[in-house]
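What follows is a group of structures, each given as structure tokens.
Each of the next two complexes has chain A plus one more chain, namely chain B in the first and chain C in the second.
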Partner chain A sequence: MIIDVSVNGIQRHLKSRNGDRLVDVLKKELGLSSLTADCLQGRCGKCLIFMDGRIVHSCLIPAFKARGSSIVTFEGIAKKPEVMDIEKAFQLTQTQPCSFCHTAKIMTIFDLLSRVPLPNEDDIVEALDMVPCPCSDPIGLIQAVKLAAELRNKRKFNREA
Partner chain B sequence: MKLSEVFFPQDVDEILELLKKNPDILLMAGGTNIVGSQPSRIIELPEQVASIAKVKELRKTIRTEQFIEMGACTTFTGLLSLAPASLPEPLGAVIKAIGNRALCNIATIGGNLCCRNRFLDLWPFLSCMEAQVEFRSPSGTRWASVSHLCGEDGEPLIPKASILSRLRIPLYNYDFVYYRKLGNSLYPSADTAMFVCMANIVRDKVEDFRLVFSGEKAFRLKDKEMSISGKKTTTPKREIRGFIAEYKKAFETMELFDSRPFTALLEDVFARLFL
Partner chain C sequence: MQFASTIRSPYHRGRNAKVIIDTLPNGFSSILPDDLSAHNIPSLFSEGIPIFASQQISYRGEALGLIIGPDPGICDELAALARVECDEEEPEHEWESFSSSQIVFHYGAEHGDLDAMFAAASTQLKEVYRNGIFDHHYSEPMGALARWDKTTLSIHCATQWPDDLRRRLAGALAISESNIVVHPTEMGRALDGRLWFPSLVAAQAAVASRISGKPVRILYTREEDFLHTTKQARSAINIRSGSDEQGRLLALDIVILINLGAYNPLAPEIVYQAVSAITGIYSCPAIRIEAYAIRSNTIPLGAMGSVGATHAFFAIEAHMNNLAQRYSKHPAEIKALNMLKKGQSIFGAPDLSGDIPFNRIHKELEQISDYPRKYASYELVKKRDPGCREGIVRGIALTLGYQTGRSFSECSGMNLYSVEATLDRELRLLIKTQATIGSESLKAMWRKTAAEILSIHEDHVHFLLPENTHSLPSGPMTLSRGSSLIHALIEKTCRNIQKKRFRESLPISATARTRPSKAKTNPEALFLGAQLLDSASWCGTAVEVEIDALTGKPIPLAVWMVIDAGRIVNVQIALASLRASALSALAFCTANDFDPSESGRKDYIADAGMRIRQLPKIEIEFIEPDRNGAAKGIGELPFITIPAAFYSALTQALGLDPRQLPLKGGEILRLLEGA
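Then we have the complex of A and B:
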């Protein structure tokens, strides 16, 4: 079956079998290296994508369900200034997620800050629950998200020094 | 492996046409339970599947003063995005505990209620709250109580060749809400179950008492609920112990779960409700 879908703004016709998971099709057909199909149960968060604007686990979605959808992966947001804010906040707080969950954590923070510009600790903990990789110090991560929100708002409203 | 045939109906009439041709077709909205519970790389699906998540009719929400009515393909996030006052307690907390945001963005209320091999988290609450569901089939439309999704044997009873199209939840808060989830796996397993009790306290009397336990099977004693409703909160302990013993005996007879955690929760509920 051919699935017509927009991936990172480009219209694609992806080949898939009806039992294929979306994460596998995106990796196989488009070689998207940010995605990992690890747990296949929506636990690890390493397959997070935006589908029609909502963050979802692509391992839990049969590929056929993506028909007519708009998908954005980490590759589609990597160069956005919002992601630069998050990377800068990681550096400044010396919080560096491991290579397995780095992109997934950025996806969750990107999603959180686009919904809640000034998140509180509960919002942050709830969002980071999507990627429960224990590589980084949770307190450092919360500080990094708060700083990313601050950097984002400064940039957005021209309050940069 | 035999590949399944996938259909993409655009409205409920097209779904009904598919159901008429094949009553066994799998209607898939979120599909999280079906997909997430399979450890294999390739998802095993029945011969025919209809992808219904994008059917607009199944995503509409209506709110009146008495109830909130929503399409079965409303996702948990969609439900949570309603104004907090629109959602009776404790539904919001229950949905948040089902899974993380990325899961709640896919999982639907219809999928949660239509699991054929066990009861998932929403059913016991909606059953206690006397929520209603609309079923549409090629032969017509009917509304039924959510409690009717449980057969006489206590197992899920999802009508064949029909679609659960809408859910109506009364906007009514209970004075006493008690619930515990047993088991801690993300996807339901043999040790997962829900214990829910709701009641109102009116002038020192326990009213509208409801108690549901559900896992692979469901347990509810409506006649016992009737006899407890109306009892004073100061009812003698001996009489309360009698209720507990009757519940325990009926539960053990059904052999649906280890009776020890059930008894402990039952004792806790009665200790909190009755002085």
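Then we have the complex of A and C:
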């Protein structure tokens, strides 16, 4: 079947078979390398996308459900200044994630900061919990998100001022 | 490129495996053991590990062959459709009472008059301490990409030990090592889950590529990785101690059993590491140790975090706590009484040249964790409510452990690390080492050290890619074993360059290598000798645990660590790495135990370690960082000390001694019910 969907602002007609997961179709048809889907059970968060503005696990969504929707993947936000803030915060706190979860972590932090510009620790923990990571320093990561929020707010404030 | 999916054995054990595949669609083909012999490709690693099992199936899920083709999804479907026949045999899952044919490696040592000391002892205590199977939870599933270019094989693979991969492949495929180029790909924290198994997957991709004449990629799904790749070994450590009226140890009779599953080429190293750690920091005039690596029909099992030392530290610390209970003494009192002191040694090794920093670490740890007050009040609660029926139950415990950077086995290349550095005319430093597969933070630390010694900018320090460093052998990059050795070698080469710098013209090069271990000469003294402790980094850890009244689940509330490890090169990196390891070590204490006899259990996958929302408080302090001393390894310290402290805290909370880790809530509730 063909699924008509907007991906990162471009209208696409994606080929899909019955029972295909959205993540597989996006990867196969569009070669989106930011999707490093791993568990396929909604646990690892490495398939996070925005679907009609909501952050969702694309491994849990049947491809046909995406028909008519607007999807944004990491590739669609990669150049945004908000993402640069997050990257810079990772760098300054020496918490750069590995390449397997890098984009997923950015997606969840990006989502958090667009909803909650001044997140408290509980908000941050809840967001980071979407991309469980057995290998990085959790306290460093929390600091990175706080710093990303600070950088973002400073940049926005300066621009507005 | 061709994709490959693995055909796996549905049997735990059997002989003469036959894979039956119906006609394959165009473009798809199979790679089976017969194809290897038809192409004159040897099919075994040197330790007898088959690239694809055929004559003997050793565990359920063992690779029997591959389906290769242009579409990975269809390859998966075709591999799942393959039928397997074999002469099925009764699997050997039992390993605590084992047959002689199950012994993969044995090491025994005895020192002092054991019988006389047991006869003189006023108290004897005998317990078995068990550890379960635990996954490494590394970030990316196992995989390899192999490509032949006439006679040269190039392999892309995430491995902790590229040198081993090249050596094994050269041996297995009967080609020269110089014809194999290994490109180590990015790897998260592997926690020893990628020491040798990637070599097997790479060999499978390599033979498939040779036979098909095309590049072949194998990439496991997460589920496949969880169910069929190597995990931490299961262990049972039996300790019988004899002690005098005060609680001073007189005799220790120890049997270490490590279940290594179907195969593990590193069995000697794992056994030696466990043996070297089993006496902990304690002195005892008579000791007998029998250590066995046992084979069973389950997935290959092996190292995690601290190679084999975690099991041993956990067992001896748990035993000392039990001893304290037997004497109604405080655990710290019994430990201090039995601690090796300056001028003492065990197993006839040279004497300890300084004191173990027990008091300094202990004092600091007591202070930051508020241990004495908490310990006393939890003891009181336990006395009032022994069955833990009244509500919140907590426990706290301290433990002291150490990390040495030592490998003991004669596994080829295990102890060889080398670094070559060249300072060029533009004052750029080029460092060549196989160990550049380490993380970015490690490289940042090495860069900082080199730049400081040579007074150059950090941006001027470059590392040559590992595929271009074949001439420099390297042991594995485990948690901090390889990295601290490489750090010392980088320091040495840079100092040598600095010495020559104003006498000779640039470019100047220097090379440094580790010296091979002398383990052959006097193993007992080397493994158990006090001098091992002289160069160790030390860590005291306190863990506070709460038992959920409803579910019985043990919840770690806080971890405090006080570390004496000489010079800390970059405190921020050290703290980050220790905190991450602390979480993995806690996950090991609370996770599901993987049951190999029912290895189809998928719910295990759900249990991927500690989540950030379960994060306990973690406080780490370095004491007296020695600005000029050598940098020592610290990465294994959480794995060495946390399980022992967690277990002891749990014992205090429950008033029971479960004698095993990991422990789930249900098990704890059952224990309490039976109490």
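Going forward, the second predicted complex is superposed on the first by the 158 of 161 C-alpha atoms of A that agree within 3 Å, B and C clash if a C-alpha of one lies under 4 Å from a C-alpha of the other, contacts with A are read in each partner's own complex, and residues count from 1 in each chain.
By our rule, a contact is a pair of C-beta atoms (placed from the backbone, for glycine too) under 8 Å apart; a residue touches a chain by one contact, two chains touch by 3 or more.
Predicted, not measured: the structure shown is a model, and the values here were computed from it.
Look at chain A after the overlay: chain B and chain C fit there side by side. Of the two partner chains placed by superposition, only chain C is touched by A:D38; chain B is not. Legend: residue contacts after superposition of the two complexes on their common chain; A:E126 is shown touching both chain B and chain C. When the two structures are aligned on the shared chain, A:Q94 is found in touch with chain C, with no touch to chain B. In the superposed model, A:G68 lies in contact with chain B only, and not with chain C.
Contacts of A:I55 after superposition on the shared chain: chain B is touched, whereas chain C is not.
Rounded to the nearest 10, the angle at the Cα centre of chain A between chain B and chain C in the chain-A superposition is 90°. Of the two partner chains, chain B is the only one that A:M1 touches; chain C does not reach it. In the superposed pair of complexes, A:N18 makes contact with chain B only, with no contact to chain C. By the touch criterion stated above, A:C135 is placed in contact with chain C alone, chain B being left untouched. Of all Cα pairs spanning chain B and chain C in the superposition, the closest are 6 Å apart.
With the contact threshold set out at the top, residues 24, 40-41, 43, 126, 129 of chain A are in contact with chain B in one structure and with chain C in the other.
Contact residues of chain A toward chain B in the complex are 1, 17-21, 24, 37, 40-43, 45, 48, 54-57, 59-62, 64-65, 67-68, 111, 126-127, 129-130. Across the interface of their complex, chain A is touched by residues 73, 137-141, 186-189, 221-223, 440-441, 444, 572-573, 575-577, 579-580, 583-584, 587, 605-606, 608-613, 615, 618 of chain C. Residue ranges of chain A in contact with chain C, taken from their complex: 24, 38-41, 43-44, 94-96, 98-101, 125-126, 128-129, 132-141. By the touch rule above, chain B contacts chain A in their complex via residues 1, 3-6, 8, 28, 31-32, 35-36, 38-39, 41-45, 49, 51, 53-54, 77, 96, 99-103, 105-106, 186-187.
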